[in-house]
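You will see two complexes here that share chain A, one where it goes with chain B and one where it goes with chain C.
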Partner chain A sequence: MTHPVAIIGVGWSGFRPVTPDVSYKELIYEAAVRAYADAGVDPRRDVDSFVTVSEDFHEGTSIFDEYVPDQIGGAQRPVHTITGDGLHGLAAAVMQILTGRFRVVVVEGHSKASNILTLPHITAYALDPILNRPLQVNPLAVAALEACRYMHESGATREQCGAVVTKNRRNALRNPAAAYGADLRTEDVLASEVVASPLARLEISDHADGAIVIVLADAETARRLSPHPAWIRGIGWANDSPSLESRCWARAVYAERAAAMAYKMAGIGNPVEEIQFAEVDDTYAYKELQHLEALGLCAQGRAGPLTREGATAPDGCLPVNVSGGSLGVGHLLEASGLARVLEVVLQLRGHAGSRQLGDVYTGLAQSWRGVPTTSGAVAVLSNQLGGRES
Partner chain B sequence: MTQRIASYPGTALSEEDIERGHVLSVHDQLRADYAWDAGLAIGLYLDGLKAGVILGVRCRRCDRTVVPPRAFCEQCFAPMDAFVPLADVGIVNTFSLCYVTWDVKRIVEPLIPAVIDLDGTSPPAGIMHLLGGVVPDRVHIGMRVRAVWKPARARQGAITDIRYFKPLRRG
Partner chain C sequence: MPLDPTLHADDLRAWYGSMPVTSRYTVGPAGERFFRAMKDAARILGTRCGRCNLTYVPGRLFCERCFDELTDWTEVGPSGTIEAVTVVHLDLDGALLEPPVLMALVRLDGADTVLYHRLSGVDVADAKIGLRVEAAFRRLEDRTGSILDISHFRPAG
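What follows is the complex of A and B.
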């Protein structure tokens, strides 16, 4: 990458199951103040552009993008909103900097999921109104259908999915920001009630409230301002064909394509060799396994056995979701991808506290937009440009 | 029908089928219910309205007082926590005589939305409300108005705790 872009500041507030004490604006403001202090920038003077991510139906306000500038310091400045995951927002920010017209760009994502009283209805409204919605099936079933086919083809077992849950909930115990840390046994997961087979309640991430703000800069500005820039070596995003009738139900094709795009940009030929740890979408436990295979971090059908053997634990050869993932941190709606990026940045800086991994220099963050979508994004970050050798 | 085709495939369509929405449209209803965490600043504002007080907030750094209050200054990005009671008197910044309701029904007596810059705000900052107790044709920019409150026991901590603003002098 000839003109690298780096993350020079991160800030977050939350993550908690409910946040009755603050409005969404106050929640975002807290994250933004922290991010700007971390980056050493004044948003009213130093930030050239702001990118936010949100869905109107999650906010309860039409044209929600009009409500974002004040609390991120973006009033009277270039601001735009993407209806996608936070990693899509990150990709947009990278592109803005690559144009050469912007030096410092901010990305914001948040969740006030506790305020959405009918979230399953909102999600059901994402289904095709003529072909799918009249069947009145809970949208969770879309994930269940995928889990069924994925497990059939990959050989992944319920025990292996359960191992994802116990690992991520336990990892969350070492993350002060995580909402759902717990010490569970696989039997606890398997014994929780089946919601839509093969998915049991504890395999489904609960939502949390929170906000994440990330400050990006071009190479020159990053070197000047930050003692520990996290370089975005590669970023990619992709959509599969979304039709429930003809999509691929076994593989996460969107993640395969997004990863290929990010790896190409990063010059990564063998991700197993070069990616040391990963934060991947685990909205449902099987998703972590499916995504690891899609990202090429293990062979097809190997993610489950590796998880059972402990290879994806913090002391394993490929630590996955050391933050706790969505299962442990809480699902943050559009901010979920930014939560994955946040952990990668903290790990690369050596700022991850008691969950710090030893000697890491390249990590991966991956997001999925949730049911019923087939879209996601991937970012590869390093604390050194050009890998370890440089 | 021609000699070769006895009947055409498909179902006959009548004008009534179209009018009643049996074809060409799908009816559905979204259940979208939201709670609303008002937060610190708007929470205090609504609490004040219940007590019959309009609260503003002062930014010490920008040396200005704004309403409705907010927890941070959108101009200098500093936190704001100097909440101050404001007079319920101000001047009409802008207004409209509105002859359609929000659900697009024609009305004879207009609804008069207005932004009222409250005394004590700097630069003049206003709240969006309604004018009442006034002959519509007499409303003008710069008109001085005062809040007409609901009786204390009827107030709920809502923007509608103020019924409307009416002219200080007879309009």
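What follows is the complex of A and C.
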């Protein structure tokens, strides 16, 4: 990558199961103020463009993108909104900087999930209106069917999925921002009520409220402003076939394709050797296993056994979701991918507190847009350009 | 971050809103042909891409792999095989379903894609990947030209 882009500032507010004391605008404002202080930029003077991510039905407001500029410092400035996960927003910001027309670009994502009173209806409304929606089934069925097929083809077990939950919720105990830290046993997970077989309640991430703002800059600006730039060495995004009828139900093809795109840009030939830690989507416990295999970080069918053996624990050979993931932090709707990026940045800077990993220089963040989508993105970040230069 | 944080939860205010959303969804020429065959003749039609060697069900007008137009209509099913199955215990409002609902991905004989539909008339213990099933159509006078013209799938008899 000849003109690298770096993350020079991060800010967040939350993450909590409910936030009745603030409006969504105040939640975002708080994250933005922190991000600009962290980056050392004035949004009214130094930021060239703003990218936000949101879904109108999650916000309860039509044309919600008109409601975002003011609380991020973007009034009367270039702003646009993507209806996708925050990692898609990050990709858009990277592209803007790569045009050479923008030096500093900001990405914002948030969740006010506690304000959504009929979320399963909203998700069901995302299903095909002619073929799928008339069946009027809770959309958890879509994740459950995928879990069923993934486990059948990969050999993953419920115990292995349970081990994902115990790991991530335990990791969250060392993340002060996480909403759902807990010390559970795999038996507790397996004993929680099955809501859509094979998925039990504790294998499904609960939502949290929060906002995340990330400041990106071109190489020259990043070197000038930041003592610890996190370089975006590669970024990619992809979709599988969208329809329930023709998509792949066993593998996360969107993550395979997004990873291939990001690895190519980063010049990564062997991700197992070069990715030291990963933050991956774990909206449902099986998703972490399926995504690790799609990213090429575990061979097909190996993510489950490796998780049971502790390889993905913070002291394992491939720490995964040290932040706690969505299971431990709380699912942040469109901001979930930015939460994965946030943890990678904090780890690369050495700012991850009591959960800091030793001597890490390259990490991966991956997102999935949730049921019923087949849409995902991958970013590879390093605290040194060109891999390790110690 | 507020300069004067709220300390009394009872003082917190919220406003409520809702909006009725009603839409019309045109099924198009391929949908017309697919649903008419179900309604009039209890037949399930797909379209075939010879280039990709794939049969799409429901039939559609174009191949998502090679982007060719599809004109080769073919009948599939009504029997097929379960590719995935789940027992759903919650309704759309999150309330407990009693009894629970079985949902399955069914690959009809002759098709390369699956249908997402209800499964009935089978013990939960027998509802497994590989089970042979068949479409249970509603009676002719009850069929309206919708995916619900198949009331459910049941074990092939």
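The rule is simple: the second predicted complex is superposed on the first by the 388 of 390 C-alpha atoms of A that agree within 3 Å, B and C clash if a C-alpha of one lies under 4 Å from a C-alpha of the other, contacts with A are read in each partner's own complex, and residues count from 1 in each chain.
Simple rule for what comes next: contacts are C-beta pairs under 8 Å (C-beta built on N, C-alpha and C of every residue); 3 or more make two chains touch, one makes a residue touch a chain.
Just so you know, these numbers come straight off a predicted model, no measurement behind them.
Once the two complexes are overlaid through chain A, chain B and chain C fit side by side, free of any clash as defined at the top of the document.
With both structures placed on the common chain, the touch criterion links A:L131 to chain C but leaves chain B unconnected. Looking at the shared chain after the overlay, A:E245 reaches chain C, while chain B stays out of its contact range. Judged by the touch definition given at the top, the superposed model places A:E26 against both chain B and chain C. Counting the residues of chain A that each partner touches, chain B and chain C differ, and the larger count belongs to C.
Contacts of A:A144 after superposition on the shared chain: chain C is touched, whereas chain B is not. By the touch criterion defined above, A:E193 lies against chain C but remains apart from chain B after alignment on the C-alpha atoms of chain A.
Judged by the touch definition given at the top, the superposed model places A:R44 against chain B, while chain C stays out of reach. In the superposition on chain A, contact of A:S13 is made with chain C only, not with chain B. Of the two partner chains placed by superposition, only chain B is touched by A:I116; chain C is not.
Once the two complexes are laid over each other on the shared chain, residue contacts for A:H152 go to chain C alone; chain B is not touched.
For the three-chain overlay built from the shared chain A, the minimum Cα spacing from chain B to chain C equals 5 Å.
Annotation: chain A residues 20-22, 26, 29, 33, 60, 115, 118, 121, 125, 129-130 touch chain B in one complex and chain C in the other.
Of all residues in chain C, those touching chain A in their complex are 1-2, 5-6, 9, 12, 14, 17, 21, 23, 25, 27, 31, 56-58, 64, 83-94, 101, 103-105, 113-118, 129, 146-148. Partner chain A is touched in their complex by these residues of chain B: 26, 28, 30-42, 70-72, 74-77, 79. Taken together, the chain A residues at the contact with chain C in this complex read 13, 20-22, 26, 29-30, 33, 60, 115, 118, 120-121, 124-125, 129-132, 134-138, 140-142, 144-149, 152, 193-199, 241, 243-246, 249. In the complex of the two chains, the chain A residues touching chain B come out as 19-26, 29, 33, 36, 42-44, 57, 60, 69-71, 73, 75, 112, 114-118, 121-122, 125, 129-130, 133.
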